[in-house]
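Have a look at the structure that comes next, please.
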Amino acid sequence: MNTVTRQLITIVAEAVVERRLIDDLKACGARGYSVGHVSGEGATGRHLLALNGPSVRIESVVTDEVAQAILDRLARDYFERFAVVAWLSTVQVARGDRF
Amino acid sequence: MDGAAIVDNLLSPPVLAFVVSLLAALLRFDLRLPEALYPILSSYLLLAIGLKGGRALADSGLADAWAPLLAAAGLGVVTPLVAFVLLRALGRIGRTDAAGIAAHYGSVSAVTFTVIVATLDSRGTAHEGYMAGLLAVLEVVGIVVAISLARDSSTRFGRAVGEVVRGRSISFLLGGIVIGWMAGGERLAPVDPVFTGLFTGALVLFLVEMGALAAERLRDVRTAGWRLAVLAVAIPLLNGTVGALVGAAIGLSTGGTAILATLAASASYIAAPAAVRIALPKASPGLYVTASLGITFPFNLVVGIPLYIALAEALT
Amino acid sequence: MDGAAIVDNLLSPPVLAFVVSLLAALLRFDLRLPEALYPILSSYLLLAIGLKGGRALADSGLADAWAPLLAAAGLGVVTPLVAFVLLRALGRIGRTDAAGIAAHYGSVSAVTFTVIVATLDSRGTAHEGYMAGLLAVLEVVGIVVAISLARDSSTRFGRAVGEVVRGRSISFLLGGIVIGWMAGGERLAPVDPVFTGLFTGALVLFLVEMGALAAERLRDVRTAGWRLAVLAVAIPLLNGTVGALVGAAIGLSTGGTAILATLAASASYIAAPAAVRIALPKASPGLYVTASLGITFPFNLVVGIPLYIALAEALT
Amino acid sequence: MDGAAIVDNLLSPPVLAFVVSLLAALLRFDLRLPEALYPILSSYLLLAIGLKGGRALADSGLADAWAPLLAAAGLGVVTPLVAFVLLRALGRIGRTDAAGIAAHYGSVSAVTFTVIVATLDSRGTAHEGYMAGLLAVLEVVGIVVAISLARDSSTRFGRAVGEVVRGRSISFLLGGIVIGWMAGGERLAPVDPVFTGLFTGALVLFLVEMGALAAERLRDVRTAGWRLAVLAVAIPLLNGTVGALVGAAIGLSTGGTAILATLAASASYIAAPAAVRIALPKASPGLYVTASLGITFPFNLVVGIPLYIALAEALT
Amino acid sequence: MNTVTRQLITIVAEAVVERRLIDDLKACGARGYSVGHVSGEGATGRHLLALNGPSVRIESVVTDEVAQAILDRLARDYFERFAVVAWLSTVQVARGDRF
Amino acid sequence: MNTVTRQLITIVAEAVVERRLIDDLKACGARGYSVGHVSGEGATGRHLLALNGPSVRIESVVTDEVAQAILDRLARDYFERFAVVAWLSTVQVARGDRF
């Protein structure tokens, strides 16, 4: 099976931004994503945002350019306002044309 | 009102469940409901309240409801302003944070509403059927007013309002009202075992969870400061009095007046936190959630409700 | 049947809940049940239907049930074939897609069954106790027949059948029947508050969710095409008529005939989509789910059920 | 006791639901409850038991409860020792594993308790109100004693005990007792539809799930060995007899004696597995869960309960 | 702590294939796996398959050969029939003999 | 967006150890983590531990040193006693000072 290299971006975010984060992912060029639920702790207080529901963990396999665009968008619109954390890792996928 | 009324209120199963659960949480007992039950109970309670209201409307008609609806909208404007001014002047709280907190006092707590209705029902005190509709109106107006006070360029105002209006709590409430109103009393009989019979028991379960949530917030009171703690009692007392006066002025029954007072006094901790988070992300949840859920909610449940009833009895 | 019967049906709380929720979803209100509640309600409803059926069997015995069981199996063969032929001939739909859709019409909707039973009960119309057993039979036979129509080398036929037969919906239905039948009426009294008392209310909650699901599918009707939309009304009418004729012919009561007609007319949207997805992965869910859940289900609920009752009354 | 009592017990809806579900699971039918329902039902059942007990306490007072509480604590020491000695001597089981299993027999099964209470209620046999309190005591003492038997340097003993005492099952039980006791019978009337009316039905649903869980464990019996299988029947018989003798000796009613016997005989499969996993991680779950949930639990439900009732009737 | 290099294969798949996908993972040599639930969007329509339950997100740490075998199996039996997406990434594990 | 390299440690563990595992993560220097729920299979029997609740999947983005410290802690206190599996992967994050 031939594979190609792509970026996996994983975003953990407080519940209220789920909808708009997904809209922004798509606007940046992501063609697919998966969303799960997590709880956790970070710089923001632990239970403070839990009233609005569990955090979302969104992951999306994308090209380098799209990954970069998403990170830029997060930095511009999210990092300073919301409890959002993100990381990139390099992955191999089959059917490279789909991502 | 005398001490007996407070004790009586305290020993009613829903309030007792809340207090026991709050104490248990402070003692670190694990009296948390299974995660999945919380949203189930809250949807159920809203739908049941709506059905009850809609059914009462089907009997009585909407003719008398216009004045109360307008009054509710008015309270939705006045109560967050009262809160905002007090928070700024006496609480020494910044504009954005004050607006964020005020939004919670402008909006309402559906659970507090539910407890007062259950209390009145258990005493046999009648009240108007359309009060559930007022709940829906107040839930929205107060948030909108308060957010307007502090919006800046980054505020996604329309989005926040849209999300509140079409959000789960308004939807279930209105859905219930429409179904109850169209079906009417007789056709609803087969669903009574669920929507009437289980009501108080479900409320008890829900308050078991609320006790644990309030206990968590109560722990943050120290960080939030004593000024906010005092205001989180003063604001509901003031707004509750305004609500009772308005209710009596527009000719509501004793029960209806007590409910309107409770609505005005109560602070939202479901719709408002989400809306404020979206519209005013820079307002600190450590302040607004602590005030509304950690102090005002327990205060209203244990002391406020018997007080507002006594006030309504005095005024009507 | 006249318009009054349709209006009457429409104002019954379960159907009303469905319609209100469907409209709310189209207006983008968030009237979705909490995720965890959907599987809870569906298991509960199936178990409750089974218990009711098993208990009735304990009273009446299985002696008279053989003819109806055979008739049900026959309907399980005929109804998907009717659907398949119409879809191929009039719908101009390819073999695999037609088989996939036909499997849905061969199988049954347990919720539609539940609503007709609740409707008959609320009118006081008696019906045979073993109808819940027919539901279980029909749920399987129709899927198997339709999948056979299109299976190719890649079809995991046995697996799909096995998964349907032992799947949750048949298991809860049969489990309920066995428990109800062995315990019998008197011993079941202590569980009546749950399995009888809560039944209609639980159905109302379930239909709140179904309304939102149907609304989502309704949006895809345009893509699916008008031919399919028309057939999604025509097939249940035809199959419902066949079911009513068969019911009357084998001597079922009016209630039983109406139920058999409804079973024949109804389309599965739980067991069938999963089975078809496994056995016929190349059939398009965009067609079969839209037809069964987006059109046939609302049609049967709002118009079909009063129609099949009227038909049963005319024939028996 | 005769065969009729066993058949009668077997046909009661909760036990029947358990057996049907166990058989269904062995035949690979999917009669599993939706995941979210299991913790909901277990919290509900514990709270309901607690409320019932607390309410009975409010009527009768705690004056007579001291002897039974002490007796329960004594049983909490004796029953795990009995189990430990038998497992070591006859079962040829290592020290750590024997202690792990013994902890399960020292603690109790709240569901078995619930079934005996439901059985006594359905027969109209009275029992003391404070038995729910004994359940809470026994749940803890037995675990603590057994874990002490095998603790080594790596054992986080305090942590394990703390987690059991403040864990969900004790918390809900005690929470219910406190609420029931403070509110008293009359004030609890509005919550009766939930906490009394739904009780047996909820128990039936819960036992549907327990049947599937027991079936899974039953499959491991072969690996666990026949010695353990025999002891998993002998230990409850022995401990149940001790419990019945103690109950009669301290003057409990027939119902109370049957309950104490059942508590002594029952093995925990919720609190104990978690506590043992933390305190004795090297004890094999393949042994203790199989014994308590795979064998003792079904045995007690189907054969033990009618036996302990017969014993109590003979002794009181 | 000494670590060795392995492949982490992550598969997101529609609910109906969970059972057989796990059977196939094992047949290809995977000795452990974890399954969570996600929702998401991709080439297939969003809600179309949700009736059959939420998608599964399966992850398994395996050797390179096993990873390759799994990808081949996915390509042969799943990619064209079901809504299935997969990616590989390189991870470090302790106790290399267990994977 | 400038990014820096960090380690993502993913731990799958039986339910009973969740609390103490999180305490240990923090003690080793992790400044944030996310927890989700999974089921799965490995060297321990499948359903044996499920009575105590679903397994947890904890992930935490940390520095190399912290990752190493966590792995050491797992090896010392967990691997031999509990059903716990862990892996490390290299990720890129913005706002490197937060991890």
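Points to keep in mind about this one:
Lettered A, B, C, D, E and F in written order, each chain numbered from 1.
Everything below uses one rule, namely that a contact is a pair of C-beta atoms (placed from the backbone, for glycine too) under 8 Å apart; a residue touches a chain by one contact, two chains touch by 3 or more.
No experiment lies behind these values; they were computed from the predicted model shown.
The chains that touch both chain D and chain F are none; no such chain exists.
Chains that touch both chain A and chain E: F. Homomeric contact chain C/chain D: same residue numbering on both sides for under half of the interface positions.
Taking the mean of C-alpha positions as each chain's centre, the chain lying farthest from the centre of chain D is A. Farthest chain from chain E, judged by C-alpha centroids: B. Two chain pairs are in question, A-B and B-C; the one with more C-beta pairs in contact is B-C. If each chain is reduced to the centroid of its CA atoms, chain B and chain C end up 41 Å from each other. We define each chain's centre as the mean of its Cα atoms; on that basis chain A and chain F are separated by 20 Å.
Remark: chain B and chain E have CA centroids separated by 46 Å (rounded to whole angstrom). Residue positions of chain E with contacts to 2 or more other chains are 36, 89-90. Counting partner chains per residue, chain D has residues 36, 193, 197-198 touching two or more of them. Inter-chain contacts, as defined above, occur between A-B, A-E, A-F, B-C, B-D, C-D, C-E, D-F, E-F.
Contacts from chain C toward chain E in the complex involve residues 154, 159, 213, 216, 220, 269-270, 273-274, 277-278, 281-282, 285-286, 289, 293. Only residues 10, 12, 36-43, 55, 57, 68, 71-72, 74-75, 79, 85-90 of chain A touch chain F when the two sit together in their complex. Those residues of chain A that touch chain E in the shared complex are 1, 3, 6, 8, 22, 31-36, 61, 89-95, 98. Within the complex formed with chain D, the residues of chain F that make contact are 14, 16-17, 20, 45, 47-49, 51-52, 81-82. Interface of chain C with chain B (complex): residues 11-13, 16-17, 20-21, 24, 27-37, 118, 122, 193, 197-198, 200-202, 204-205, 208.
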